[in-house]
């Protein structure tokens, strides 16, 4: 009996593995997916190798060379290809370093939210009853308060720092995952092989990790990817409200927000980080959409 | 000479996919005569449904007819303007689909869906269309027709829905009715009722019917003439008597062998080994040879033509 | 279907338009100032005024609006001394007693006469109710004794040489006693009544306050029919409104936009010194590096204040070595517009102090509280780095900064800007008194201390001022606070009006005239 | 109706939880007193104000007081305005409602035709253009969009007023700013929903009846595609209200969003609590309404 159950489950997993194997081939056919992946790869490489790529220390100020335009504009030169900001810091170097924190914030808060959401979603879906009730009502409460407001209050109270920012972004967006994981768990739970495994007395932990988790993971990856994009934008919005990343750290959101004063006078200060955000988010969304097409055609949102 | 209502010659249909163009109908030739019932038989994937969609002019956006002729009542369907084609559809040619459960729009009432055709083609007012709609529902044997007009599809059983589909298809008195597996999705007793209904309708009106099925039982019950399709080609054509009495093609024989007894649950019970080849990966020579009990080296090499063995009976095989 | 949707949308749009049109009724000054001869003046602030409870707010921008609707007893005329406002004359009877005589015939906007009872009501409220934000500045007042309809005495707890300074600043506008007592505070806050040249018309919170000329004003008649104070928090939006003629005057123009506005026809920039002086506050006690006066001097010498003013503030600031700037009682002008900058000497001083190999310091600063605060400390950190001081910069959002500020838990240095609404050296130097300095600067120079303590209650005003001047010299040498520069405010002004900004940042709108 | 009531009952624990969350958020840390007094205030002054305002009570006591006040509709007083916080919040509601409503209309006007068009012309250049545009709309932080709109449409070409609330003209730029992100999301959603519906059997049936393509798409397909869209739109309410925080600040729009941002910055907790609570109720209500609409649109779902 056990072997049959396992075989079914393994077969499903293998099927999943097979699909993964085909990814590369199908990626080459999806133009947007390819574009997305390339953007994400380039930005990630930029983040990892920032110290080797950047020409300057992103925090180094140079009052003499402040607000220099990019090299193609009058007065600009190749020493500062994308110009300098109000403190004479090299915009290009700051964008390169900024990718680190923007990605770090985006990815780690999504991972955090994912872990919390996955945990509660599994419990709510698998154990049901009062657990489900408590968790889902909590989820409803969180959903009723706009994320940005939530973050605004917490950050104002705790004071913004890189860590709190990640914690807050993660701690408020877990509900999306909890909901998704719960509903997937509910449907997987009713499948025959899970029922049989339960009937022969397999431990909950084993059932969850062996049968339920693998089925939930693909929707999970898709949503998580798309949420990285949302988080990057959220970080920018929080910077606008003065509660994002704080100097001397640098993120694109911070650059964009700080640079907004210069829109009319020194456009490059804000425009380049703006482009960096837009392009990266574009890449992440393309990648996420493509993952959705490949991994999980069911989910719509 | 019997008048040919629908004439199909060397029809080829292809689809644009990620892997390039894939041809699923590869030169199909047949005709439907006035008042006649033609059955197209084959396993799923043989191209029979695609052929019918091509005739209706409602291939999915990535599909196209790229060769051959389709003439309906003297009109060349391939050069017909969109507007003229629309005027034909649902009016002179209409169609019933395989899945009564999903073929009706879930958010509109039965009444709305039956009136729609009448209003479009006959420019009826809503009231006129309503009267005609109720008539049609009664004609297909729906009790309480007036009430059913106000119902939504999900409130009806599968059999009832298929009757509604038939009523919609017949409401404009079509000259040709294409029925794509009209009974497959229904359970056995309902199947029998629907078949009886169709036979009665066929007797009452002069409508030509093109019935698409993989169920030879249905063929025996309804058809005058049969075309057997395999991998996008016609492999045998004969009158229904001739075919059942004297099947030539090994594929036909295989199908015959797997006829379920009447009222058995129809399922994929064919005794023929293997599956229909994927259109992206067609075997050389005779497309049936990998599954054919008679196949030899020749069959791998030679792609046989459709040959007449007697009046009205043709086969595509070099071995018989 | 499509048609239906669109007609639905059309209806929805009409509803919305309908709503907003009905809102529009009664709101005047909605449209931008188009006509240059319009008798409506529009001023854009960065924040909305906080309240009409004059005792329960402490924001300059709110008071800047109030001064048009209310009056103080006396006006601070700066170099001209104190001038009569509601009070016709006054006299310092003894150390703790001041007697006043009110102008007669002054009427509140609701027609009530102003009497000494109103004064007693007003001043005793703020002096007694410790939940009021302005309580701290008025608790010196022990009692107001009414001697007649237009005569009264103010009794202070201790000798209070700066009483007139207190009475000519926020919190001391005279309120209508009867109106408030019969109608209640809630009504007053919704429909405030004062004695000023303009009376309340409408307040849409976070949008605009509209006031209109009061025909029975006791002084010179109001020059504008209507004055609108708009609240536009986003700097770039405020600048945009100025550029498009939406407002006549816009406050707090970001220095970045200075050249842009100057080069735009029809608008101009006005600079005005403010009471706010930016500084680094150093811990002079304990065993941290800043306890060494040489280190503090080195820090002072290492910072090129003028460069910060020029580059970050586009010149909108004045370097200074004292916090008591001109216009304040006791200002030491010898230290004003002076600065020290000598990085070489700074390096030597550090060597002398035993930090030849460099030194690490912590510096905390609020972010977003003061003009270009973040950029300034970033620049300061870079300058200190040049002489071998590595700065660990801690940038805090204001509320967290404030919390640490109160806990006095900063490290070596923090960056802050103090204002001074009293225009008197006492408030400015209060925090350097030994008792007040504990845990913050730990400043302890007996000479300074004795000067500050005696000056505080010295009723000989000339001698008092001299004491403060001397104290400032000592402080400039000791450097418990390293002064950087006095901020200047930048106003964007439409060419149709002429406007002279004030040191106290008040908008006396009748001093703003059409050209 | 029973279903509706059941759902309404379910919101009670949710509301209770929200009060707790909001209470904890604002009360646990942060000291409003420090913000209310100037830099120069003494510790003594701070302490007396703190005591007077009841911040020295133990937390559970504060929560209980807060809850019982709340039941009576009393959210406390705004420090900033010295008036009843709830009244203040209610006063701001129309402005925010106007903006949110207009933004939703903008989002609908943009997303419905574009979503349908890109689904119908799937994989065409137009589709790529629309989906690319939608992603771009999503990728642009709204404050940035707002500032750009002001710069180009209000300052450089003086078509629209810069800021403030007035007639319809004043509404255009803020509504576009707030509506764009949602339009982008909805366009993507309508597209994928339409794509799924267009592949359904009943669409083939509709075509086989000889209906015009426009009718097939706009009626048969769209009515079905709308069903999931309505649900997601309701989920956007929260995003929409959240977006007003930014948009209102950029455009000096005197609504709830701006009030909230300033209240949070100044620790005007009574206002933060009242506004958050009201927003939560609003979001929950709109979800309930969406649920009802959903049931209305989809005859397959029956009321229990």
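Order of writing sets the chain letters: A, B, C and D. Residues in each chain are counted from 1.
Quick note on the criterion: a contact is a pair of C-beta atoms (placed from the backbone, for glycine too) under 8 Å apart; a residue touches a chain by one contact, two chains touch by 3 or more.
Source: prediction; values computed, not measured.
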item	value
Any chain in contact with subunit A as well as subunit B	D
Chain centroid nearest the full-protein CA centroid	D
Higher-contact pair (C-beta pairs counted), B-D versus C-D	C-D
Centroid comparison with subunit A (C-alpha atoms), farthest chain	B
Rounded Å distance between subunit B and subunit D, as computed from the means of their C-alpha atoms	52
Inter-chain centre distance, subunit C versus subunit D - centres from mean C-alpha coordinates, in Å	36
Rounded Å distance between subunit A and subunit C, as computed from the means of their C-alpha atoms	43
Inter-chain centre distance, subunit A versus subunit D - centres from mean C-alpha coordinates, in Å	22
For subunit B, residues contacting two or more additional chains	none
Sequence positions of subunit A contacting 2 or more other chains	156-158, 242, 260, 263-264
Of all residues in subunit D, the ones touching two or more other chains	30, 147, 151, 155, 223, 249, 261, 265, 267
Complex interface listing, subunit D residues touching subunit B	122, 199-202, 204-212, 220, 223-224, 227, 297-300
Residues on subunit D engaged by subunit A in the complex (per definition of touch)	10-11, 13-14, 17-18, 21-22, 25-26, 28-30, 132, 135-136, 138-144, 147-148, 151, 155, 189, 192-193, 196, 228, 232, 235, 238-239, 241-243, 245-246, 249, 260-261, 264-265, 267, 272, 276, 279-281, 283-284
Subunit B residues within the subunit D interface of the complex	53, 56, 58, 60-61, 86-91, 94-95, 97, 99, 102-108, 116-117, 120-121, 152, 154, 165, 168
Of subunit C, residues touching subunit A in the complex	235-236, 239, 254, 256-257, 259-260, 307, 311-312, 367-368, 374-375, 378-379, 381-382, 393, 395-397, 399-400
Contact footprint of subunit D on subunit A as seen in their complex	137-138, 140-150, 152-154, 156-158, 229, 233, 236-237, 240-242, 253, 256-257, 260, 263-264, 270, 274, 277-279, 281-282, 285-286, 300-301
